[in-house]
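Please find the structures below.
Shared between the two complexes below is chain A, which pairs with chain B and chain C, respectively.
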Partner chain A sequence: MTATSVGSAGPAPSRSAKSVHGRSLGWLAVPALVFFVAFGVIPLIGVLFLSFTTWDGIGEVVPSGLTSWKSVLSDPGLPHAMWVTFQVAALSWLFQTPMSILLGVFLAGAQKYRAFLAVLYFIPLLLSSAAIAITFKALLDPNFGIGTGLGLPFMSQDWLGEPKLALGVVVFVVSWQFIPFHSLIYQGAVRQIPTSMYEAAQIDGAGRMRQFFSITLPQLKNTIITSSTLMVVGSLTFFDLIYVLTAGGPADATRVLALDMYKRGFQANLMGPASAIGVILVLVGLLLALLFRRLGGGDQTASQLEGA
Partner chain B sequence: MTDTSQKTTRIRSTNWVGGTLSWFWLFIVLLPIYWIVITSIKSQSEYFVTNPFVPSSQPTLDAYRLVIDSGFIRYFFNSVIVTVGAVIPAVLVSFMAAFAIIRSRPHWFLKSANSILLMGLAIPLQATIIPVYLIIIRLHLYDTLLALILPSIAFAIPLSVLVLSNFIRDVPNELFESMRLDGCSEWQTLWRLALPLTRPALVTVTIYNALLIWNGFLLPLVLTQSPNLRVLPLALWTFQGQYGINVPAILAAVLLTALPILALYVVGRRQLLSGLTAGFTK
Partner chain C sequence: MGVPLAGALAACGSSGPSSSTSSGSAAAAGSGASYWYLTGQPGEGIRKGAVDRFNAANASTQIAQTAFQNDAYKTKIKTALGAGQAPTIIWGWGGGGLKSWVDASQVEDLTSWFSSNSAVKDKLFPSSFGAATVGGKIYAMPCETVQPIVLYYNKSVFDKVGVQPPTSWDDIMALVPKFNAQGIAPFSLGGQSRWTNMMWLEFLFDRIGGPEVFQAAFEGKKDAWSNPDAITALTKVQDLVKANGFIKGFSSITADSNADQALLYTGKAAMMLHGAWTYGSMKSDGGDFVKGGHLGWMNFPPVAGGKGDPTNTVGNPGQYLSISSKATAAEKETAKKFFTTGVLDSTEVKAWIDTGSIPIVKGADSNIGSSEDAEWLKFLYGVSSNAKVFAQSWDQALPPSAAETLLDNIAKLFQLSISPEQFATNLNAVTNS
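Showing the complex of A and B:
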């Protein structure tokens, strides 16, 4: 890396006034802003606007007041989709968080074989949700799938045909896909905990368990909040995985909000009501992000801003 | 991410819980992958009669042949075009914006630009797919690869700006000052100083965005229609719809679509993993 042209002048004149040059570089931010406004900000306003219109996805967009909202809010499908979304978010959080913490702590160890484990471990991160969903759909086949392979009859169920089981499968596959990611975050965070804390604890005679609960967990607090935010807010947008795996079925048992929006919009051609669901998704997402930020007791983004 | 050397003293007794769990979860992770590999080289008839976890006695590449004959080379190039076409501009404009946000004299425009981009981090952008669809139709871009590229660029910008600005902030001010005293313009400083010094971060965000876009499914599903414009995840899904019963072929397709990323993983594991957690870990 070349720090071009060696500075001939001595120390910089004003260290404190960091980036003040009297020059404005605003124009450099224009291209990024144009892209983001066009396909980020305008759609955000647009989704609210479209929720007050009627549109079939092909013809003209016609303003229609509260029609879409009335139809969405009076539809029992909405509370159902919200309930399913909540279940998926809560259950996958409950499963993934302890698993990821334990695995992250383990993988943070210095032993060589753990580094090797980690290589294999993170493979699910690389696969597309579509590929993962398709794989599990075939692997869970009651006749030619995992139950037959392992010789375990109870594994040969109609996993994706029973509403209760299908929801469980969704939670499991979500976890299969994302536990490696969250373990990776925890692995990084555990390595940042000062060794001296553990040395002190050892001198005080604290055992493994005690160290885990009195040092590791409290030190991971911010990471737990970050990871939980990503898990929960992210679970609002599980679209591809569920769409390919179950398409919302059986009998709408896995029809989460994102899927509900897609189906209303692009399959039933009801873009107005679908946009209303989109607005709800945005609001729930923002609300959850704010909630987790408050849990963190401070500016969560600020702590993420340092370093990276 | 720091080195592990400081960690050695910590683990005295064996971590039985973590150890057992890790091996167990490793099994859960690897079993489907092992199954994909061995099933993809079975013949269709063999799939129905052999144990799913026992490798084939007569391995065949028929499944791969079928996949390649079904147009996957074309889909592969579509994916390459979309990924490269979106990631390079996204990283470039994000880098310029990050440089401006960190280096410029305070300005209301940059302040608001920064907060708009930060807001983008908190919002599930997929929820706005319907207006994106409307905009793409109005721009007469529906059913083109450009329709996938433009929103992908936009969606990639917030996190890229965040990560890159963190790195540019760490470049010592003295270096900028000396560039300035040498009479370099900010534009030259951007390319000759900031760019080489933030290279690791640029690699990181490039990889992160490339992975997301390569694996993206919703945008192609909504914004394209023609079979010859399919990108890999969408092709995989339609292929599964067509050849539902031919499991070896479907799994061969799964493996082929993941292969470029797996190859990349072998070559640049460290960058890839740090790319994945960019912005989420300190």
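Showing the complex of A and C:
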């Protein structure tokens, strides 16, 4: 690692940040706050209100108490959609985290060819979800897809037509799309680790593996928590990719909560129940984010940099 | 508040046509109207042509037009109606969707207008008015083409395997193993779209129990889906799935991508049940397939012992134009003028025929003779005009919430993850009134 310049630059900004904290610069948050209230809080209140009404999206909004909540909570589709959402979140976390850490560590090296590879790895990040979904759908077509094109019979599975395979494909494509993003986070975090730590470890005779498990991984703890929060909470709202890839199918094997919400609201015209699911999504997302903060030991501000 | 919102919404629609929208509303100080319809050739060009001719002939009453992709349109029109920002002329499918607009008092009652302008009404197929009628009143002007569902087959594949096209349901079940033995799928199906599967049920319900079976469910009769004929039909379709009657992977194929049609014209599948509109796309995409006479077609065959009339068909008896009740009086006048002079004028009738469709105008068959698709068009006109009952597609006929439950359960039925009885129970729960 030859990231000394980056490493030593670390503490400087944190010192200047502290001096900024001293003065009252709260007004700097006003533009962000305005946007957050306008596009985050107000619609949220609207959705909460709608979940206690009956509305078909066109006519009058009729307050109806708990009708929507009862219909959603008694629907066997809800536990199923929650289970599918959980599976997507858990499996894509299990798949993405090790891959992202390994790629991130690899890309943190300063070698020229790694910089070149980094550019290639980041391509999926530049594509829209819809484009990715359409491409994979065409590649995985059981009759006209890559299996037929290349004459590889084992690639001609009914990828999106078998419930288990379809879920696996969704997890794979989601991971394919987001691993570059998380690698980027890990790359930055690895470059923040002071080289002196590795130098000390080398003097103590630690090998590359030992260095990775005893220095890199522990130093990445907070980054892992950040990236996991983004992954898991983000996977609650996966919609576009799954909608284009499988539309929740076959039958409802990949019908995640966000898709369930869309279908109820905009295809079945049941805005009340759809809003109830929206509220559930927000609550689950908040709970998970809180849980991950706790996992981080609560004190997120504690620095793990040398000297702290 | 309303005015800037309107501007924003128009700008969202698409950057291109928004300029024509604004110029339209500027002229609307007088009597301009707006009109939203679907993209997709050849229909889009024909729709645009009709408006352009109307605008050229009526300098003072211009119509601003905006085109949307099918699925995007369904969501957009709903949102626009809810926000009171709908166009003057609203393109639609009639039936349950139209009823939801009527229930929300969003569209004009055109009954009295049609009775004072009977020439407009008499020009069109009477069967097209069913899906425009809600509670005995007409809320939409039928337009464009009649689109029955047709059983297509690939003649070359039938010749290769040495079999004859089916004339009964038993023939279909007997053909299935013969095609499978040759490595050809008996039927192509874009099952992810769900309404594609639904077409099978529509015909089996009709052929086995007659149109009364679905009608009862539509009218909200108790336990209508548990009718023994309905259960027989649901069982038969699962038998076909179990016998590998449909192409491998059908549940991940979408109709939007036309992959199901490609399977038929590339000979990977022998037959396909699909809408009349696929003729045009198979003709343009299938190379020599249609022009070389390799495409065969028929009405769905009868089921032995069934009560339904084999001349019956299902599909779209027409497309529909409604007038927004929020439009100004002048805009409504312009829309009605367009209905009288613009919709299905002789140029439009000819344009539809040239694309292999039958416009819903009486005597349209007189234009067929010279067409290169004469044989197909004669069949199509015959099926549409001879049908004892021309039923509307179930998902269009039912209100949107019931239609969504229907489509979900149809997907599960074809996935064999629910039994016919469970299907009936799930559907009874939403259509019982």
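FYI, the second predicted complex is superposed on the first by the 257 of 308 C-alpha atoms of A that agree within 3 Å, B and C clash if a C-alpha of one lies under 4 Å from a C-alpha of the other, contacts with A are read in each partner's own complex, and residues count from 1 in each chain.
Everything that follows uses one rule, which is that contacts are C-beta pairs under 8 Å (C-beta built on N, C-alpha and C of every residue); 3 or more make two chains touch, one makes a residue touch a chain.
These figures come from a predicted structure and were not determined experimentally.
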{"item": "Which superposed partner A:T195 touches (first chain B, second chain C, both, neither)", "value": "first"}
{"item": "First, second, both or neither for A:I224, with chain B first and chain C second", "value": "neither"}
{"item": "First (chain B), second (chain C), both or neither touched by A:A276", "value": "neither"}
{"item": "Which of chain B and chain C A:V171 touches, first, second, both or neither", "value": "neither"}
{"item": "Chain B versus chain C as contact partner of A:L91, first or second or both or neither", "value": "neither"}
{"item": "Partner chain in contact with A:L117 - chain B first, chain C second, else both or neither", "value": "first"}
{"item": "If touched residues of chain A are counted for chain B and for chain C, the larger one", "value": "B"}
{"item": "Touching partner for A:S24 - first (chain B), second (chain C), both, neither", "value": "first"}
{"item": "Chain B versus chain C as contact partner of A:G285, first or second or both or neither", "value": "first"}
{"item": "Contacts of A:F266 with chain B and chain C, given as first, second, both or neither", "value": "both"}
{"item": "Contact residues common to both interfaces of chain A (with chain B and with chain C)", "value": "57, 137, 141, 144, 266"}
{"item": "Footprint of chain A on chain C - complex, ascending", "value": "75, 78-79, 81-82, 100-101, 103-106, 191-192, 247-254, 259, 262-263, 268, 399-401, 403-405, 408, 411-412, 415, 417"}
{"item": "Chain C-touching residues of chain A, taken from the complex the two chains share", "value": "56-60, 137, 140-144, 158-161, 163, 166, 246-247, 249-252, 263-264, 266-270"}
